[in-house]
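The structure follows.
Each chain gets a letter, A, B, C and D, in the order it is written, and its residues are counted from 1.
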Amino acid sequence: MAETQMVARHIPDRLEGRGARLVKSWETLLVAVALAIFLVNSFASPYFLDPWNLSDATFNFTEKAMIAFAMALVIISGEIDLSVASVIALTSTVMGYAVQLGFDTPALVLIGLATGLLCGAFNGLLVTGLGLPSIVVTIGTMSLFRGLSFVILGDQAFTGYPASFSWFGQGYVWWVFSFEFCLFLALAILYGVVLHKTNFGRAVYAIGNNQTAALFSGVRVGRVKFVLFLLTGLMAAVASICLTARLGSTRPSIALGWELEVVTMVVLGGVNILGGSGTIPGVVLAALIMGMVTFGFGLLNVPGIVMSIFIGLLLISVIALPILYRRFRGSR
Amino acid sequence: MLQDTTTSRMKPAIALEGISKTFPGVRALSEVSLALYPGSVTALVGENGAGKSTLVKILTGIYQPDEGSIRVDGAETHFPTANAAAKAGVTAIHQETVLFDELSVAENIFLGHAPRTRLGLIDWRRMNADARALLARVGADLDPSIRLRDLGIASKHLVAIARALSIDARVVIMDEPTAALSHKEIHELYELVDRLKADGKAILFISHKFDEIFRIADRYTVFRDGRMVGEGLISETTQDDLVRLMVGRDVGQVFPKQDVAIGEPVLTVSGYRHPTEFEDIHFELRRGEILGFYGLVGAGRSEFMQSLIGITKPSAGAIKLHGEIKVIRSPAEAIAAGIVYVPEERGRQGAIIGLPIFQNVTLPSLSRTSRAGFLRMAEEFALARDYTSRLDLRAASLDQDVGTLSGGNQQKVVIAKWLATRPKVIILDEPTKGIDIGSKAAVHAFMSELAASGLSVIMVSSEIPEIMGMADRVIVMREGRIAGRFERAELTAEKLVRAAAGIEEAA
Amino acid sequence: MKVLLKNREMLLVVAIALLVALIALRFPPFVTPRNLANVYNDTSILIILALGQMAVILTRCIDLSMAANLALSGMVAAMLNAAMPGLPIPLIILVAMALGAVLGAINGLLVWKLDIPPIVVTLGTLTIYRGLIFLLSGGAWINAHQMSDAFKALPRTAFLGFPLLSWLSLVIIALMVVVMRLTPPGRAFFAVGGNPHAAVYTGIDVGRTRFLAYCLSGTLAGLSGYLWVSRYAVAYVDIAAGFELDIIAACVIGGVSIAGGIGSVGGAVLGALFLGVIKNALPVVNISPFAQMAISGTVIIIAVAVNARAEKRKGRVILRKAEAAHG
Amino acid sequence: ETKKIALVVKALGIGFFEAANKGAQEAAKELGDVEVIYTGPTTTTAEGQIEVINSLIAQKVDAIAVSANDTNALVPALKKAMDRGIKVISWDSGVAPEGRSMHLNPSSNPLIGNMIIKLAADNLPEGGDVAVLSATATSTNQNTWIAEMNKVLPNYKGINVVATVYGDDLADKSYRETQGLIQSHPNLKAIIAPTSVGIVAAAQAVTDAGKIGQINVTGLGLPSEMAGHVKSGASKSFAIWNPIDLGYSATMIAYDLIGGAEAKPGAELKMGRMGTVKLDDNNEGAMADPFVYDASNVEEFAKIF
């Protein structure tokens, strides 16, 4: 009876085709920026287009990008983890300590990953268990984790990592493709699938857009967030293994200031810092862009701080551009 | 002197001409004209998403129209900000309460136009005194210096009304002002409207409740799909005429309750209590039954319902589902057990603004549309299409952000989301709050069908006609306790009101 | 007592008093009035900066570029002084404040006009402002001997027994109390952060209010730039690097809610003092310098946890009986 | 064709290294066919230096002369450089032997260790408490000098080293650490800061605390930065080698290696106007003795570096 009033109006699934959506997407903008930088670099320095040089250059971003993947998920869920660089330091310190006790490579890796997970769990507990704002919690643990590493190491350094360990930071899988770069690619695909193709990824978006409604909808908000913090801890540990292996030594000041670079990478990749949106391809592109910028400037011997001006400008302008464009179009 | 009720000879206090407003993908208003007259109440009615609130926002300087003009006393003006509108004497009580939890009541009333000392600094003492006077005018006995967050929802609404009156206005707009108020407060509001009218204010009154429109309005204007489709004097129209104008067709029975054979007990709740929110709650819900929960706003119904799905933790009590004891610690477990809750606060608890419609609908059902934890978009679209079309959703596409829908259409998405989980027990908390009459009928019909198909329904409602029309049985709550139980046969409005307000049965 | 502990400011006062008492047990000279005055003086710059940051955080924004702004303004002040030693100091201070205000205004404009999230804007300008110092100075340091005596003397000059730096911070605290409590923009900071959506309906321009907050924080950062450079008698690219986190930590410890809308001048000042006491006390009580960082981290976490407990709203009381028990 | 020699410093913008660059440029002019690339990270981190070294490898420079932020961390990167035919030496702050062909110490470490404690002791005939203000806890050269100083400490009767604190080569942190020292050690007679940043900050803190005459600040500093403090009496004397000479010598040695000289124990490498340097068993050599500055000569050198 009432059925008659409910004549279904047809609602199409989507208004725009896949192509139209792709053209308008953030990633397209990033691809354009990346291509431009690639071209400029190729013209600016004769050394740029050399496979080995490019391969060396990947080390400028691979470790940071690994963390950026997990960080992207955390930021999409509406939280942030500023302690990642300090987790690197603490993980590296604990591994260095384990070396002194005579552990070998496989054990070192396990110990490293476990330390990262513990740090992540600590952040996760404070954020989800006690309900504290993550930005503040991780500012605190940022000091705490690196501080612990200072307590353990003081003015010393841990060295003497086993030769096999150095493969993680210096080894090559095939030709110019280093272990780190291959790991970076593998993780990019893994995180891309997790975020875009699984229920877990959908839950991350739902939480980032409306945490309360997600909870009411049966998303286990606390558990998902906890897992996300575990993941950043874990990825920081992976990055720490690579970095430690690359440097062959541990100082408490290792990876100082990386947290802001990682966040910059994520945001440049189009992840909304307020949560709710963003993609892994965007983060991958941002990592490539930042790597190419630092390498290109490096070839011209431009001081790092001048590169950072450029990254800063790039960050603001890449975000401002679509806004300005929309406004410009809207005004006519 | 006699009050002049025929406004035709008077000059409008404010007049809108040819106003259009387009949002991305939606033409909210097209070439709308409206005039408000001093000393007269104009009711604005229309389905959800007809553009009523958009018009209010244009009148108060929050949105800018794309086309058209606003004339105040015949002179063309425009309102670039809310301040400009206030200066021109336009004030509004908005549909959402837009207040500041952390600020004091007085400041909430005077923020932006606080009394100043000679040095130009804020004069707190005068502000508090003035606030007290205004609160008295709207019948709220509140201390102006307490923080707003310590107030109940109804009191907050009274503060919003006081704020609107703090501006010396000639035009007063009220967008569904009674939605959050209880019986007594609603009547005080009617009196206030009468007084404002007597003071010569031009009033625009938006409501989905026809009884109140016919109680206080002099004129009416009807919107449909962003257009003005009719206006005139209330005294010359009927409810049926208005409804027909609104939806462009006849609406059948508003409360189409089917007779359903009530089956075995499905859900048994016993000894539920919480230290501060509710206590001693027990009842049984049977198959095919619609159990109404009536009470005044703030009676604790929502809190109790949320404890059933594991949001608030009860300190004691047990649930039996089909005779088996179930422990539910989270909404996820509730959904798995087949108990779902359609929340009352749509914006905060229901819709996930920022996600597309189809993802909203499938969120609690992902385990069904996915395989081994991997999403399958085609299944998701199919599920979303199925349930949204049953509720007659109006949207441009299923890929559209729910945030771009009108309130009523958002509510449909939220209901679709819960139905898609194929629950055994569905708890609907104020399912038709702020929904237009057409959609309301659809929701009621659907509820009735759900019961007929063997579902058990709990319906929380503060509207007596809805409770009387739909419920097989009614439980009345007051201050966190059950204050009365009624079978359908013995229901009267008076009994409900007495139980809810705690008035003893006249001996 | 219970009432006292409910008030966040009182809680902090008690915590600071306990902390000082604890330090006094190990090192009595710490509590001499002279030394406490020194600790205050040493914390003055942090207090000034925390007040600026508080205004910004209240509006639901954040200013990560404050320390970079300080460094740039300080460098410009020092370079001006080195180039033209005759320039009157008040003029230099004005220039530093004006430059700080401009840098703050840039943040504010980007947030206001382009709607870029504040954390992104200030993350970007943080690196840009630091880079500008490098471009401006070529990386060179300005050392004590290049600065005029008057330039270095101002914050140290004693007035009624206390250095001008301390007095200046007191004046700024007083001004901020007036601004935050008694002026419309001050109240607007609370409103915009508390409920930006509602602020629009109230006729408050959310963007402009945020812009004002950034200008305020920028001006205070500029002032602090001069103070820092003259007090430590050196200017180089990296001064106050990482200090932005100390500033935010001070606010957080002082109960300024990172979600906006909640906070007070007293809280921010006490939060800064709490950090100041710890920073000054650790070296004197002979705690290994390597433990300092871990301790400040722990303090921040505990402070947030305590503040969150205080902020956590008790559920609405519906039951009559329960209400009576609570009242 | 011109040879490219990269002078990699701990961080750009530090006066000491800017002066070293002057020396390197002087050497380049003298040699004629050398281009000096003066570079470094902007903060004193090993990771920053590695990025810089990677881009130098990519540019195929002929030699890298580095003052390291970390003894060990640079080794893999520098090894790679050597593998690709680049000559690598370290100077000022050294790299572990596997990562370089030789290391040029500005002076011999034992001499410096002795010098800094002697400067303090000479002004304390009756002995007394002294404290050390170092740079970062990880700086190689600081730690070596302090260790050398502690070795010869027994020779100086009555001198007690009561504390070692770290100012991280940050002016403000050094300042605050000095304040802490002054408070916690009321009998402090001297502060030894073997770092150009620390010594200035310490002198400033002593001045501000009104302790001129009671506490003598000494250590290693640049005349231009310390002139004022010597004049005020906060520092009676301090020492430093000439950074211009150091940069000059590093460049000359790198050039010598490019030209085919071999760095092995006992070898003598040419340093232009500075003569030659003889390598020890670790392939390390010392340039010259540190030079002491006091009220009598500081003004004159302040004009130079």
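Here is the rule we go by: a residue touches a chain if its C-beta (ideal position, glycine included) is under 8 Å from a C-beta of that chain, and two chains touch if they have at least 3 such contacts.
Only a predicted model underlies this, so the values are computations on that prediction, with no experimental measurement involved.
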Moving step by step through touching chains, the smallest count that connects chain B to chain D is 2
More contacting C-beta pairs: A-B or A-D? The answer is A-B
Chain centres from averaged Cα atoms put chain B and chain C apart, in whole Å, by 43
Distance between the CA centroids of chain A and chain D (whole Å) is 37
Chain A and chain C have mean C-alpha positions lying a whole-number Å distance apart equal to 30
Chain B residues touching 2+ other chains are none
Residues in chain D with touches to at least two other chains are numbered 12, 42-43, 137, 166
Within chain C, the set of residues that touch 2 or more other chains is 134, 139, 237, 290
Touching chain D in the complex, chain C uses residues 27, 29-30, 35, 38, 42, 134, 137-141, 143-145, 156, 228, 232-234, 236-241, 279-280, 282-286, 289-290
Per the touch rule above, chain A residues touching chain D in the complex are 45, 47, 50, 53, 56-57, 59-60, 150, 154-155, 157, 159, 166, 169-170, 243, 246-249, 251-257, 294-295, 298-299, 301, 303-305, 308
Note: in the complex, chain B contacts chain A through residues 25, 251-252, 256, 309, 311, 330-332, 334-336, 341, 343, 348-355, 358-359, 363-364, 366-367, 370, 373-375, 381, 385, 388-400, 417, 438, 441-442, 445-446, 448-449
The residues of chain B that touch chain C in their complex are 60-62, 81-83, 86, 94, 98-103, 107, 111-114, 120-122, 149, 152, 275-279, 298-300, 303, 312, 479-481
So, in the complex, the side of chain A touching chain C is made of residues 126, 130-133, 135-137, 139-148, 150-151, 153-155, 252, 257, 260, 263-264, 267, 272-274, 303, 305-306, 308-309, 311-313, 315-316, 319-320, 323-324
